[in-house]
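Naming follows writing order (A, B, C and D), and every chain is counted from residue 1.
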Amino acid sequence: MANSRRRRIIGVMGGGKVDKETARMATELGRRVAEAGYVLLTGGRPAGVMDAASQGAHQAQGLVIGILPGPDPDDSSAFVDIVIATNLADGRNLINILSSDVVIACPGGAGTLTEVGMAIKNKKPLVLLNFDPGPTVLDAESQGRVIRASTPTEAMAAVQKFMEKIKS
Amino acid sequence: MANSRRRRIIGVMGGGKVDKETARMATELGRRVAEAGYVLLTGGRPAGVMDAASQGAHQAQGLVIGILPGPDPDDSSAFVDIVIATNLADGRNLINILSSDVVIACPGGAGTLTEVGMAIKNKKPLVLLNFDPGPTVLDAESQGRVIRASTPTEAMAAVQKFMEKIKS
Amino acid sequence: MANSRRRRIIGVMGGGKVDKETARMATELGRRVAEAGYVLLTGGRPAGVMDAASQGAHQAQGLVIGILPGPDPDDSSAFVDIVIATNLADGRNLINILSSDVVIACPGGAGTLTEVGMAIKNKKPLVLLNFDPGPTVLDAESQGRVIRASTPTEAMAAVQKFMEKIKS
Amino acid sequence: MANSRRRRIIGVMGGGKVDKETARMATELGRRVAEAGYVLLTGGRPAGVMDAASQGAHQAQGLVIGILPGPDPDDSSAFVDIVIATNLADGRNLINILSSDVVIACPGGAGTLTEVGMAIKNKKPLVLLNFDPGPTVLDAESQGRVIRASTPTEAMAAVQKFMEKIKS
């Protein structure tokens, strides 16, 4: 008796410190996630891809979930509606992945690399949006569980492709 | 620059196996949480107080968050809107507490006892609704951080009292 | 093909701030755990029952494991030999319980209460050494999974009783 | 007042399913870790690099710590002396990293990739022993926090280099 009416969640991962172009891209991606009717999930902090994507989804009247590394819900991006405070530090990255129906990895550093690894390990559909995690993902990519994209439009096309597979 | 527009969350804890009267009380409590404009958070499973409270909030058009012990979002109560899958087993109990602005403990067993302990430890406002965690809470109670209630009406009055203190 | 040669671990829980008599009792308890040939496991911090029990086991040439709430192994009691750094904050309490063959709860506060709750929930043999967690444990006690003790001697007798059951 | 007498720990990470040559290499590496006087830490399961490295350290009379993903200490490699049971699934990978003074990544898959990411993120000295995590580590490598090796001998030389830096 699975819960079939739960809302579908797209997780957007990426660096806490990013250049302006990446931030712009993340904002557009967040907007597109909301416009497509999905809930946006990020790492919740008021920084980098997390903040930018949340802003985009918020401006498009989407619902935004933030999974914080720390213990205090108030320490979240101002564009997050629902704050989940974990106090697990980087351990919260696994929750980001498990709670998302599809994961999109934007440019980032070692934290984003761990999220990519966890998505592969837990067989979550993964979109790599201008992020290269090296050769470890090649097997999963050849099995159709990883799609590379270079724009938010391509990323959302990949999301839709994955979601059709999930529903069927 | 705290996130002041995030939605306020009331966490309702309690047993996974409860008698009919406790379930009825939890359903009424969930409904009251939603009617008061709060988001309801529970442990997310399709059982006991979690399921009953979620049903009440759902029927009152409230938003329901479920923090699951397992890895699969589909394993949640059908009355949960947003599923956070943790795969932390009982470790997710700490997330339940940290993410709630006020915690209400309904009748339950050892799991509920751990949630009460974590609420006290993390100085979260705590309402004990017909649940007695023994002498360890007496200090916090004397400091005004714990209020005992015997009906959903009394529990919601305690929630409002705590929320006024938080806002001020 | 279970690992039958692993070393047996006794977890000693209790407050981070305790009076002198409790500290003396915890030191004696740690010594007795080591003399009985067990590994001692504590919450690892240089404070309260954790520090005192570690000191006792160390002085008796026992091996001491500390499961730290923070990320830095150096922040441990100087009597800990093997430091496990978790950065899970209070989330590490579950690891304390799961890794212990028998748990002894000394006087403590809300943190100790969560550890008692987790021991009951995960059916770990539990010795209550002058700590009263209220009525929630009564069921487990009537099933023989909880024994009350008022001295280290009584606590170690309870440990031995549990260990004989585990081995058989 | 840091704990300066705690035992130094070398974490050996790598795949749960590996070819015979990788297993042989891991066994030799485990032996070398023990012979150098360090405690060996692995992910604890009776499989792949974890099991092979533990066997090597055990045969050289070293102390072996296993950090298990599951709740039951008995489910560990028979060459593990001290089992830490977490029930955190892949969430235990962060504990592996934080508890190690130096991390060695052997060939593996997505799980090993997450451990590399966490080592970089938490600034742990990292030896890559025939494992390539892609371009994300290049920054840390240029800062001297990552050393590549192609044999256990080279890996242990890198460990010693890092340990001298830590002590000074």
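Throughout what follows, a residue touches a chain if its C-beta (ideal position, glycine included) is under 8 Å from a C-beta of that chain, and two chains touch if they have at least 3 such contacts.
Since we're looking at a predicted model, the values are computed, not measured.
Colleague: Count the C-beta contact pairs for A-D and for B-D, then tell me which is higher.
Modeller: When the contacts at A-D and B-D are counted, A-D has more.
Colleague: Interface check for copies chain B and chain C. Shared numbers divided by all numbers used: above half gives same, below half gives different; which is it?
Modeller: same
Colleague: Taking each chain's centre as the mean position of its Cα atoms, how many Å separate chain B from chain D?
Modeller: 40
Colleague: Starting from the mean Cα coordinates of chain A and chain D, work out the distance between those two points in Å.
Modeller: 29
Colleague: Going by the touch rule set out above, which residues of chain A reach two or more other chains?
Modeller: In chain A, 71, 87-91, 94, 122 touch at least two other chains.
Colleague: Quick one: which bits of chain C touch chain A in the complex? Just the residue numbers, please.
Modeller: On the chain C side, the touching residues are 71, 87-91.
Colleague: Tell me, which parts of chain B touch chain A in their complex?
Modeller: 1-7, 9, 39, 46, 63, 65, 67, 71, 73-78, 80-88, 94-95, 98-99, 101, 122
Colleague: Any idea which chain A residues touch chain D in the complex?
Modeller: By the definition above, chain A touches chain D via 88-91, 94, 109-114, 116-122, 132-137, 139-140.
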